[in-house]
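Take a look at the structure set out below.
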């Protein structure tokens, strides 16, 4: 456990038994634990042996909080989405950041096809210390936000969309080619990775 | 020659001799002629036999105007670019539209990474009848413009950029996945096709 | 609500509850509503609270018509398909255009592998104001139609086919590379986007 | 040497010396020889030692005819192109077929964006025994021709085009997805392969 | 109905009702009918109204034979597969060719990783008039066979395999790049197209 | 000019005249200027009018320093490369960070195929505040470094390599899929973007 | 049966009946048999007729051992994985190697994002004769291991991961671009192929 | 220097000065040196300071031999190519293996489209200890050879070909999907890597 951060378990590709076994082993040290990409069935099995485990279904996260989470209320991570379908990935990022000790503000459904929605949130962008931008389809939100702030922007392409989005490839390429400086990109649908990196940056003094 | 439009010659992949021969044949009918993707060498050879041929080097267009071009000054096609490197493709679109009898206004270098530049041009967007949006890299301008107007937006991805832009693929996919309605896309770097379609739409009564 | 067009809801990636909540909120203003990519389950839930909601199952559209839809019978949008499997996407385009106040004519199953079927419909092409061409597999219909008319052609590639169609990529690339001028392309299977753009163009005066 | 066909040398990737050496060795048997993808420099070097070698520059073919080529005038291979830029590949196919003992008719520049050009050639299509269709960009000609005849159609995609043609990929995928039966495809720009296969079929009794 | 061939229905993407309706309409003319990519459910529904319809489950074909099928026993189409998993596609090709009036010989499971199996069948290759080679994975069989015969070889890549076969792409590219002349390729898993083209060639006189 | 950072000019795709004109305009305000992707010819032309412009040839950067650059010596950005061929991109990142007011340490040629080289630099990794990891080929260095530190790691894939690196795609995908948390990725060869983002993070207090 | 190796059956794409029939035929010769990619249902059917057949569910292998398997305990094949999700593929490799007469040691979950885990196993790497490295996501383990030993390393990319791993493509490309010499790659998820090749190498004298 | 192997320098992407500097430093220890992907200009510069350096132009290798190379004449590495255009890559593999102390036999131009050429070399295949198979286009040779021997086969795809070979991708995918066991693959055109791995295997006792 580095930096007061929780232990992290990546559940995808593991059996329910494997997840339970790993979490039982980790909980002995009374650490905080974050399990990502967990199914409801995994949660049920984990809760049977760790009753204080909590489940965030939309975000597919199991959280066990045994150590106090200290938060600096003046350093805000803003998590934004372009659409409502991007919210599950955004929640994965937001809750990851919260359990790692960050104050998070959510600004959802401000995609660039209605730019006024974004402009209406300018004040919040000013208050942010780090920004996470979650967007599928054409992924343009990252570029617009990146151009509005001189702060670190972590872009998360999502697989939301159809046809020529090719499972998130369209948004991924758009974000990598952003002409706004200060933008870096994580894997498609990787809310966890974005939350983790944002937390690391947000804890820098 | 349909709709008073010029005859069009696509020069790429043709020899200089072929281009000259085709244009000599067409000019006998005293039509207007538009030759796209022309090299300076092609122009020199054409000008030797058709002295009133004009060359737009950046746009790679040869234009011969033998018939009067009638323009309705109240129906404006706005051609926009995200960056300065997109201008050659935009000029191909703009000059194509002009020779086909349209009034064109150019709004260049208003990419979304500096959204204030675009917002400052709002008035012109209102006055437009049809819009052509030319952008490389992440191609996000089409989505933002498409969301600001309820008018036809023709998006032209360009091959401007490097690395994961994959020769214009990034902008192409972004534009195809635009969540703004009213946007349709032509081939990468196809300024001509955009100008032509914009002209057809702009002549509808 | 711009231009008398309905409010539009994109249902894919939303829960049934989200769709119902959004539609209940919109209906308070007595707007017309169009919900795309809706499942039968979504419709059942919506109809429970908005009894006059109609469902077009093949097109996956829920339509609520509260305001009169005014149609100019002299301005026709022609919607064409290459095969019968392309019809659901074509219906999405056609019904979208209709609820937005357009007269639509359907010309289905006129793929280029039997060119006489298309040639037999020449008269209708003449009468069209705007054309929507829906085709999967090799997507060649857009080029042939685009060459027959000097009118706006909106091409919709579909994911119909197998093997090296790669989910609609073959038709998409073919349409983007059309050597017929006047053709622009929307996303694979995006009947809605085509209908919307056709409607915008068809309302131009 | 099978079936009275010539020996074939693929020059690409070989040095001039290697090409000369191979051809000198082959000519000892007084065979007919066909060298494909030859450069003018290769031809100059070959002609120095085999003076009766002929060069077809556009088709990049060197031909040495030492044995009489017998042709059945009633069995015609028709070679078609969509555009003029496709002619070099078509010539590679046509000359290959000719040196292999076939009567060839060329029908060039009949792309589908001007379908009347193709329909005007219907008579020739009837007379064909085998057809080779050469097309770049959207490659649609193969489907239309394939639907007009119940004869073998060999489709050759070319790399002619730009942007999202991705070096011939667009035409290749279109041709593979042709809904016209009776069409098979060879490699991008592979005029030789098409000519060879057409010749084999045309010699069947 | 051209050339005494059956009417063909492509069932994929059609509803059961659509398939039944089309077949009922066609059978009125007492034609032979071939329905490809049919499911068992489709067959059951068809057989209820056309009792003499036959089903080839592995090949996913429904066949109705109302007209006598005339076969020339001296002109053989050989259908080969590399592995046993390629057999369904091969059967689609073979039965298609048979209903179109061809004598077919099957040579299955002779993939090149055991070249002796192929060499043992040399005699049959000699007797063939046209060959269809069906192979997934690395698709190498087409090249080896193409080199052994101077006859038309129609290569059918299959989606058999996993990982970097990318749904048949590996075999498709291999076959397109075959250095054996006389080979042409149809779409991945398109046994029907191969059988149809082979039949057309096999009927040439 | 935000945050005391220089004005930035992206030279690629611009003519020499355009670059000179832009820099002459910017220098009037006596700002610091950074011009990226500059050619030697561009530099010569710029130096003729701005004599104090400096050129970093390997990094393709022109730098004009008119305002003092203030650096906090305790906050170090470490720039690492896997190989020597990655150094030009790394220098672009390092010099970008320096002109933006950061202390930079270079740790070059520590690719993972000789893991001892990296382990020998552990001390420097400890002292870093932010890390930039530049790697081509398999791009594995980002994952190993990301696992060794709980600090922000900005990964820059390079186009160094050949064959199946597909212009940097291999390294890009590897870095996006890194199982080390705390890693984010910029475009292939985008040293500037990495330097800029690292600087933003390094200035956070 | 070559080299005392078992007969191998590839079950994927075969029906249960086909698998049973093949295994019944092979068992008559009293050979050892290895059936790969077998489902539990296939095993149940096989066990009904070959009661001594064993099933390794995770590895999807059916093994029948009728001949003694001779093992040289001094020649060790080490099978490594980056994560726990890669274990099924690793087991396919390990058990394949074992039934082919090799001593195998498993070193699992030593991915490079925690390089100490790998360094702690250095001793085992020294003792290895041949190494199999199984990794998904960024596939970096192969490069690090390849740099630590001068022994043959067979890299197996897995489809473990999500988003931009594109079904194992990311790991595959990374492994092919490994700058560590001595590494060769098999197909995505092809544990069998790796075990087979390792066994062949391990038996060389 | 491990295992008596030479020091290796990868010249691509390095300046001439860098190559000379590295080689001068290495030669002080009197090691054997192998420099890959070297240009003639690099060799000229190296030979000026290391006069006994040798150049293999086709293979792009500079070799300096200061230590005796010991060879076991009974353990043969066979290097094969499908065509003559593959020879430069094959020579890179062969000379790499030789300088590393192996006896090499070359079997060139035995591609599968003329299977008799390969069968005629059966005797040599028997004598091989390890095989390297170099092939472009459809890459089928690896599968055929892999099926003929129960020995390690290292497959090297080359970028030889055109059109849908996509820079070697076709051969790469074919080789990865080989159904012959015992085959592993290195990067496109990576003759060095194949030679190195073959040498490691060939030295196993």
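As written, the chain order gives the labels A, B, C, D, E, F, G and H, with residue 1 at the start of each chain.
Just so we're on the same page, a residue touches a chain if its C-beta (ideal position, glycine included) is under 8 Å from a C-beta of that chain, and two chains touch if they have at least 3 such contacts.
Bear in mind that the values here come from a model prediction, so they are computed numbers and not experimental data.
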_Those chains which touch chain F and also touch chain A_ = B, G
*Farthest from chain F by Cα centre, which chain is it? Let me know.*
E
*asked:* Can you work out the rotation angle that lays chain B over chain E using Cα coordinates, in steps of 5 degrees?
replied: 180
_Distance between chain centroids, defined by C-alpha means - chain F, chain G (Å)_ = 41
*Per the centroid of Cα atoms for each chain, what is the distance between chain A and chain G, given in Å?*
36
*Which integer distance in Å separates the CA centroid of chain A from that of chain H?*
47
_Rounded Å distance between chain B and chain H, as computed from the means of their C-alpha atoms_ = 50
*For chain G, write out the residues touching at least two other chains, lowest number first.*
10, 83, 163-166, 169, 172, 176-177, 179, 187-188
*For this entry, which pairs of chains touch?*
A-B, A-C, A-F, A-G, B-C, B-D, B-F, C-D, C-E, D-E, D-H, E-G, E-H, F-G, F-H, G-H
_Quick check on the complex: what are the chain E residues that touch chain H?_
82-83, 111-115, 119, 137-140, 143-144, 146-148, 161, 163-166, 169-171, 173-180
*Complex contact set, residues of chain A against chain F*: 2-3, 5, 8, 10, 129, 150-152, 154, 172, 176-177, 179, 181-188, 192-194, 196-197, 200-201, 204-205
*Tell me, which parts of chain E touch chain C in their complex?*
10, 12-14, 18, 157, 159, 167-169, 172, 187-190
*chain G contact footprint on chain E (complex, rising order)*: 83-85, 160, 162-166
